[in-house]
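Note that subunit A is present in both complexes that follow, paired respectively with subunit B and with subunit C.
Entry: the complex of A and B
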């Protein structure tokens, strides 16, 4: 790092002679944050990397024994872990697809002349600001087979939403869709409002049909922002813990985060769970990388 | 849109308006339901079919804050008459307020959890926003080698799944005695929000013209003075929006709080679901504690409405 290009001031000017140099200020402003994040995010991860090669259990006082790659080998060969991954994949696909359909649909509707548009948009955005844990809790009341309002409103009788192993994951996904469609809607609205009006006028003059207009004008222009929403929601859905953990405790709803939590804090397999955490970490960093690439791309526009 | 509207377009627009209101109704119905449950007497909360019209009571809100136990028999008239109005509401529901031997009402634990949430969220927000603003200024105005890599590093810390970070943090906190302390949670939430605050504040500061500071520097300000007297006031709206976002994130956080706290520093999100416990849960109390917890967020969402887009996209998209 060189300081010669940092300041635009002439080094001989009066301003540069007073106070701290720009280099000092830059370091003073940036280094504490970086240091804080390294100490509280990176260092712990290095710490657990060490444990991931041991059979350490935090619940006992037995010293950790080095077992090499055994944890990783066991995890990658464990068919139950693979089932957790399959469940998570199913959950991510269903809930993100649902959010895109509902969210983008809502955005298309709101992109017209709607009375009280601002107020309606704000109200629609409310669900995504709420706590996932608390949302999961009160959806349990809504889903209750006997006195829940959902079965009553839909006339489903005693339909088991959360107790049925095949249905529970979808029930959680529905709640996630309710909560996060507004996010996709918000980003899509931004994308839609950025589409130049003259393109639509030109399409109208050319007598282009609504489908043609949508697929050739609207969608391509909104896609970059929609992709941001999709990648971000994929990443978040992949990490889901609160919602599913609160709403159901079936083997069919055991997402990766829940398995990891149980392994680490209920079964106290600290060493093995550290290894598991690393496998998850690599996947998340990969998705983050794609996400940031898209963010920067959109920013440059 | 064209100035002259065809009948078809007018019809389409009407359909859209109706669809929007239906969607609004569906999106808000769950929130309405939990709010209405919080004003129901206990026996109406779990009726089949669900009760929609009822006489509202604030009993659930009273019960949320006091420790209660089941009444064994009917209440004596004079005891009932002597009790304050809120205690009568509890007695009406077939429960009595638990008192210490000296006659003081025992709290339920919700009040304390609520305060914990408030302390942890406010303090961590102050740290995250102040450090984030400085760092954002640093990245916005000065040349930093490998700037994009540093920014990616900062953002990536935010993307880590909480449970992944919690495993080593739990072990380290155990060594230094930070498990179940306010400070422990504050540090975690600060780290979590810091990356967000750097990213979004950088967007806000990038928008402030450099010429403002340069003019101040020429006028004889030092860089520090220019930052505090020119840049900070200009960035105030951004700082406020960022602070509200950080507050909401910390306020809502569940996984860290579940793992790192159990009594002393427990926040409301892990406490509220734990009220379900065993046996028949009192949904009116759960609803009341939920509504109280959601109110601050609802108010902030309204105040934030013009910044939601920027906040949710980490400053990448602005209107």
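Entry: the complex of A and C
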């Protein structure tokens, strides 16, 4: 079994001369990874699952007491927590939808023969390379009501983007769209350039209009890769912490990750926050699964 | 339905001149085959007629009207490509309906259904109609793309090597079907191929293209029996026409390096002129007392005929003889020809002297 999967070691190689076998080399590569994964991912995951059934507080020396499902019961009945979820959902929808529209639009624009295409693409990708915290900080300056360039450019006077409770969440979403549209663009571009050119020519001869061509040829062929971009962005947007934390501290911008952070490290409710984290995990897995199911369906067609 | 006239078409891609002053006349309802090697400009010609490519100079007229200003959609041509270019993720029916559902044409649902039904019947793909195109075999895909061309009932069909990706058997059957389709529809077909068998068997007329220029246009028989030059002579017919260097005598020609003169029927050309002499393999005869001596190098038995490879001196000839002929390898045979079938080409230019 292993033999069929593994490439055989070249008998003339140095490794063979040292008396190493295929198996040794395989273990050399795999064991550190597995160990790392277990120590830093799997173990904390299971350990926190244990904590989620206790009233443990990391700030005290009091021993953890097993309280069963009480944490979960409390959390799921907490209307404030549900408000956090609503805010997050709103944020995810606005931000991902914006990224898809802007990113895919940019990809459509770039998917043609234009001068300096490579340079333009690279420049457009820059926001994605920046650190979230840095982006948050300078967009805060851009949004500034008294000297921010956005109000100046749009002529909005002293409009308080980030202090306005209704607007703050959207202001953060706009920043997120600015930062992550290039990612959607990059994947869409890969999808678009894979559409065979002769299909467009055939459609042209068949007198299909541009919209018809787009919805009948372009979109169906790009959809699978676009779905992958959407999965990634949804998961990321769901977990957003730094951007929102840096930019605004309104109750209306309190995403679940921020609520979770406060619960765990400001209120030190370690047990309860572990339970909360598990609820979030289950949700993310569920949402991702829906997408993956849909992706497979799209691919099958 | 439509004639096609190209005059003085030139087209360059970068420094590469694909077409150099191409003139082409295709009569209404004709099955015209454009034959040429890779890079001869066949596909470019087709794309220019379709409107996918703009010529650098020259005009394209369909039905006598200059269509230079019209795009592909407005020219009412159908194009079948070598790659099947079916619209993915649609069913066969979806693909056939595609050109009918565009907003420029307004067809009622009944009309669409009727046309699809008819096209599917013609091409015998009715059972496949609800199949996804990804699940079709190569032959079926090509049928569907031909079907997509015929549902529109266009004036002109352009086909760019539609059969070259198919296996030999399928190619043969689709060849027959395409001819029947042409007879059925009565539309003008322009068919591009590098395969001379396809050209000979399908075309009403063949145009031989070389380096972006038409070398000869004619019926298959004309092109076969009276090639304009050695290039055309080599392009059609399997096995190839035998071409040998020879010198003109009086009513005869002497193959270089051979001791005897052989009679030729055509009188053109003064004595002593350097020639290239062409003779089709089937016009060589094996008989006792014939002037040339040849050694049998190879025998291919094709059932109905035998193809012999013969060495006369340094030259190597092909002769097709009846399958009843019995010769052994390395046997020495006497070889002659039918003098009226011998073609004489100028050795320097390769031009057929008969066209003078």
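One rule holds in what follows: the second predicted complex is superposed on the first by the 266 of 301 C-alpha atoms of A that agree within 3 Å, B and C clash if a C-alpha of one lies under 4 Å from a C-alpha of the other, contacts with A are read in each partner's own complex, and residues count from 1 in each chain.
Throughout what follows, a contact is a pair of C-beta atoms (placed from the backbone, for glycine too) under 8 Å apart; a residue touches a chain by one contact, two chains touch by 3 or more.
No experiment lies behind these values; they were computed from the predicted model shown.
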Partner chain in contact with A:76 - subunit B first, subunit C second, else both or neither: neither
Touching partner for A:156 - first (subunit B), second (subunit C), both, neither: neither
Most subunit A residues touched (candidates subunit B, subunit C): B
Which superposed partner A:93 touches (first subunit B, second subunit C, both, neither): neither
Which of subunit B and subunit C A:201 touches, first, second, both or neither: both
First, second, both or neither for A:221, with subunit B first and subunit C second: second
Subunit B versus subunit C as contact partner of A:35, first or second or both or neither: neither
Which superposed partner A:212 touches (first subunit B, second subunit C, both, neither): second
Contact residues of subunit A, present in both the subunit B and the subunit C interface: 201, 204
Subunit B contact footprint on subunit A (complex, rising order): 1, 5-9, 14-15, 18-20, 22-23, 25-26, 28-30, 32-34, 36-37, 40-42, 44-45, 47-48, 51, 58, 106, 109-110, 112-115, 118, 120-134, 136-139, 141-142, 144, 146-149, 152, 178, 182-183, 186-187, 189-190, 193, 197, 200-201, 204, 225, 228, 235, 239, 241-242, 246, 257, 260-261, 264-265, 270, 273-274, 277, 280-281, 284-285, 287-289, 291-292, 295-296, 298-299
Sites on subunit A touched by subunit C in the complex: 196, 198-199, 201-209, 212, 216-217, 220-221, 301
Sites on subunit C touched by subunit A in the complex: 50, 52, 71-73, 77-79, 81, 83, 85, 87-90, 98-99, 101-105, 132, 145, 148, 152
Contact set on subunit B toward subunit A in their complex: 1-2, 12-13, 16-17, 19-20, 23-24, 27-31, 33-34, 37, 45-50, 131-132, 134-135, 137-139, 142-145, 148, 150, 152-157, 159-172, 174, 187-188, 190-191, 194-195, 198, 214, 217-218, 220-225, 227, 248, 251-255, 259, 269-270, 272-273, 276, 283, 286-287, 290, 293-294, 297-298, 300-302, 305, 308-309, 312-314, 316-317, 319
